[in-house]
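The next part holds the structures, each set out as structure tokens.
In the two complexes below, chain A is the common chain; its partner is chain B in one and chain C in the other.
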Partner chain A sequence: MTESHDHVTCQEVVELVTDYFQGALGPDEADLFEQHINFCEGCNWYVDQMRTTVAAVGRVREEDVPPEMRDRLLAAFRDWKERK
Partner chain B sequence: MIAYKFLRADGTSPFTGFRWELPSGAPGPWVDAQIEPCRSGIHALRLSDLPLWAGKTLWEIELDGDVVEQRSKLVASRGRLVRRIDAWENEVRDAYTRMCADRGHELAESVSPPLENWAAVIEPSVREGPALLGFVAARIAEEISGPETYHAERARQTAWLAERLGLEL
Partner chain C sequence: MPQVQQDQTSSAAAAQEAEFLARLRAGDEAAFESLVESYHGTMLAVARDYVKTRDVAEEVVQEAWVGVLKGLDRFEGRSSLKTWVLRILVNTALTRGGREARSVPFSSLAPAGEDEPAVEPERFRPPGEAFAGHWNAYPGNWSSLPEEGLLGRETLDVVKAAIEMLPDAQRSVITMRDIAGCSAEEVCETLELSEGNQRVLLHRARSHVRAALERHLDD
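The block that comes next holds the complex of A and B.
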């Protein structure tokens, strides 16, 4: 799942967030996931929003993410990737 | 064993929101938790892990009980905060971020043609702080010469932190 041996991308954070909340990531994956949200403000904000959703409804699925949030986030990620 | 831990300015964990009781002249109270890496347990850092998690405030933490060593962190069944590492304050944090940014530029310009796409990422990232800039510098190194240089760059960052914070390598 990693672009190189030791980090995850913003796109992968979006894809993995439900697994992260459900404890379905292995320790190494969860470690990399948390490293990413530690330094990526956009993903940190995204995960916080998701955490709020989980607290409110007790579960989370990809379709629980408001479409405009997901679109905004993915647009930001594309921009980031293009600049890299 | 003695390890390190980054917390938010208000003493809460950036991942769990757990509010640590901060030491005031004496170590804080012991906190016990079941070890389940990334989900439960007292998560702490070796010196070499600091660049990966660089946050707002840095604390020395004493770990006890079972301790699981993972690739970039430690997870223990018991821990208590011992003291704040005061040297990790705004000025030093900004200086570290700047060092990583400058190093990123240096690396990006060290090859021909220069890595202009990476160079363009550096300055806009500075406001995000030390963890991102450390990552950017290490990733530029990796792009130039492969994964080993990523780790070499991380080791360089660790040495900078150890020297500036007065921590023993």
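The block that comes next holds the complex of A and C.
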């Protein structure tokens, strides 16, 4: 944060975005952050870019279980069941 | 009364988990299969932090499942099932790590306050000038881009490549949080990170992916 604590700069905003999304900013910091992005078009777009990024990452599909591994694990599970 | 609602939601989730656990313990194959399917991607991503190659990571995941079966009847539900499975994975990877570990241990990859800005400092007005710390030129307005650009196959490939390039700890955290949908608590418990370090790693990871998207979209 700045020494004055009465505003944040764009350079500070880009470092606070994740904390802001997470609700991890204190109430005063969150206020300063919101005031800034309400007035600064550049930072408003930047925050939008970060939202878009999180959504884009969320569209990556997780890797599927390879079929051989699934078969081996199911065999291990049956084995475990029988030995119980 | 959000607190009450939250308690009801979490007790409903706990009841669901207890029921699922009972099915597993009774030997329900479909339950086990769905568990393997839903955790595999996360487990593989986490295992890759601890061992050198993808093949070894797959072996670690498989070994971890054997450990899960061994411990299933003793699991007391003090953590969530997911956290418990992921902890077994990490312990398996660490044991295996004696032979196969990367030279740099995971904990040392956690941030220690070193400077890694989300956006290059050159893009802001320098200290001492009027409007120091403000943009030289605004970043792009992505909401004005055509949807195909953002949702297309190419963009997805850029995102995947950017995640692959991340340092291990960042890749694990972003995979767990933004792809697998783990909570911050689950990530902290699994990777033994503080809440603050977890957020720093997530922030750096997302910032790297954003920068890669920016290079792609602004072309």
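Rule of thumb we're sticking to: the second predicted complex is superposed on the first by the 55 of 84 C-alpha atoms of A that agree within 3 Å, B and C clash if a C-alpha of one lies under 4 Å from a C-alpha of the other, contacts with A are read in each partner's own complex, and residues count from 1 in each chain.
FYI, a residue touches a chain if its C-beta (ideal position, glycine included) is under 8 Å from a C-beta of that chain, and two chains touch if they have at least 3 such contacts.
All figures in this text were calculated on a predicted structure; none of them were measured in a lab.
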First, second, both or neither for A:41, with chain B first and chain C second: both
First, second, both or neither for A:19, with chain B first and chain C second: second
Partner chain in contact with A:31 - chain B first, chain C second, else both or neither: first
Chain B versus chain C as contact partner of A:11, first or second or both or neither: second
Chain B or chain C, by number of chain A residues touched: C
On chain A, positions contacted by chain B and by chain C: 40-41, 80, 84
Residues of chain B defined as touching chain A within the complex: 14-15, 37-39, 52-53, 55, 70-73, 117-118, 120-121, 128-129, 131-132, 134-135, 139, 142, 147, 150
Chain B-facing residues of chain A, complex: 4-7, 23, 25, 27-28, 30-31, 33-35, 37-41, 80, 83-84
Chain C-touching residues of chain A, taken from the complex the two chains share: 9-12, 14-15, 17-19, 22, 24, 40-43, 45-46, 48-50, 52-54, 56-66, 69-70, 72-74, 76-78, 80-81, 84
Interface residues, chain C side, partner chain A - complex: 27, 29, 32-33, 36-37, 40-42, 44, 58, 61-62, 65-66, 69-70, 72-73, 117-119, 121, 124, 132-135, 138-143, 150-151, 155-156, 159-160, 163, 174, 178-180, 184, 199, 202-203, 206-207, 209-210, 213-214
